[in-house]
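Presented sequentially are two complexes of subunit A, the first with subunit B as partner and the second with subunit C.
Our next item is the complex of A and B:
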């Protein structure tokens, strides 16, 4: 029976393979028909910023990975609005469309989930 | 849903629901060298067994997979984490699964993978098995399973 799984990414990009492995887990859970809510919080919101130039350090761009999420049944992508504000960027700086949530909305989202995993 | 536990009275209490009808799946993502996650997870796992609460499996992902190396040699006065997991798993018939993708990325491989990639030595400790992320996702199909994550 599919469950509601909230995956929270709270680390910034290029910290080794962390981001790719977090997304892999989201993709596999979605492939098994779980309802995946992908949430970017704290430093995790940096993964969404459109001014990344990963080729400078020889890393693959994360754009394709993020843009492919909806194709793989991950429709619900959220970002913590407070995390974005304290890091001084707004929704216009993001690579993909996300739903912005404040702390209490995120809290409610986590309360409604069957499993919450913080990566 | 928050899960918290106390072990001062040698028993587990889970806030908000009864643990009696549930089973657990343990996920570990932290390095065995640089965090306490494995020691805490081992303690939790052992308590589940003592309290006769079902533990479906233990899944190692990201940096945690390195615990499955057969070549880890910490000093003898430090916790022998690989050995402790192995003894626990064999005694209680519990599967220790390491994510194959995370393992290969970190140079850990079983005999099959070593042969496929023509690497001289397999280095997976015997008590551990390679698994796909799908096995973790499939494990969550059971609504009575509670996932607990040590990091």
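Our next item is the complex of A and C:
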């Protein structure tokens, strides 16, 4: 039976394999017809910054991964507006379209989910 | 005595201001390394708001790391000096000691 799965990404871009593993999990969940809500929070919002050129420091690019989410039916991508404001990032700095939510909206989203996963 | 402060973890301008007041002197320099580079848009904003206090030292970041993280257009380059690895070494040699945070 399909479930609503909230996947929270709360670590910065190059902080280990956290981001890649979270996206992998999101893709697997979507492949099994679960509804995935991908939520970027705290330092996780750094993953969304556009104009990234991670190849020049020998890291794999995650731009294609993020841009390809909709091909895997992951349409619900959210970012915590407080995390963005604290870090001085506006919506114009983001790589993909996301829905901005405040703390209470995020809380509600998590209450509605069957599973909330933070790797 | 001049100190080079190497910031390794992301911070925000409130945390940075607190750090400046407590530990940094006027002659010191601050270099944002790795993911700490993500803090620079916020730190630039902090300086605009005049929250930096008495700190008059210079703020540096490695250009390669800034570009990799897509931050070039978000920085005020009058407030943050971008350097390469050779200049990083020169900076280490110019200062009397370094502290990694």
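Brief remarks on what is shown
Here is the rule we use: the second predicted complex is superposed on the first by the 118 of 119 C-alpha atoms of A that agree within 3 Å, B and C clash if a C-alpha of one lies under 4 Å from a C-alpha of the other, contacts with A are read in each partner's own complex, and residues count from 1 in each chain.
Here, a residue touches a chain if its C-beta (ideal position, glycine included) is under 8 Å from a C-beta of that chain, and two chains touch if they have at least 3 such contacts.
The model shown is predicted, which means the values in this text are computed figures rather than measured ones.
Look at subunit A after the overlay: subunit B and subunit C fit there side by side.
Judged by the touch definition given at the top, the superposed model places A:117 against subunit B, while subunit C stays out of reach.
When the two structures are aligned on the shared chain, A:93 is found in touch with subunit C, with no touch to subunit B. Legend: residue contacts after superposition of the two complexes on their common chain; A:3 is shown touching subunit B, with no touch to subunit C. Applying the stated contact rule after C-alpha superposition, one finds that A:18 touches subunit B and leaves subunit C untouched. Applying the stated contact rule after C-alpha superposition, one finds that A:31 touches subunit B and leaves subunit C untouched.
In the superposition on chain A, contact of A:53 is made with subunit C only, not with subunit B. Minimum C-alpha separation, subunit B to subunit C, in the superposed model: 19 Å. Residues of subunit A that touch subunit C in their complex: 12-15, 43, 46, 49-57, 59, 86-89, 93, 95.
For subunit A in complex with subunit B, the residues that touch the partner chain are 1-3, 5, 17-18, 21, 24-25, 28-29, 31-32, 34, 111, 113-119. Every residue of subunit C that touches subunit A in the complex is listed here, in rising order: 10, 12-13, 34-35, 38-39, 41-42, 44-45, 64-65, 67-74.
Here subunit B touches subunit A in the complex through residues 1, 27, 29, 61-62, 101-102, 105, 132-134, 136-138, 140-143, 146-147, 149, 151, going by the rule given at the top.
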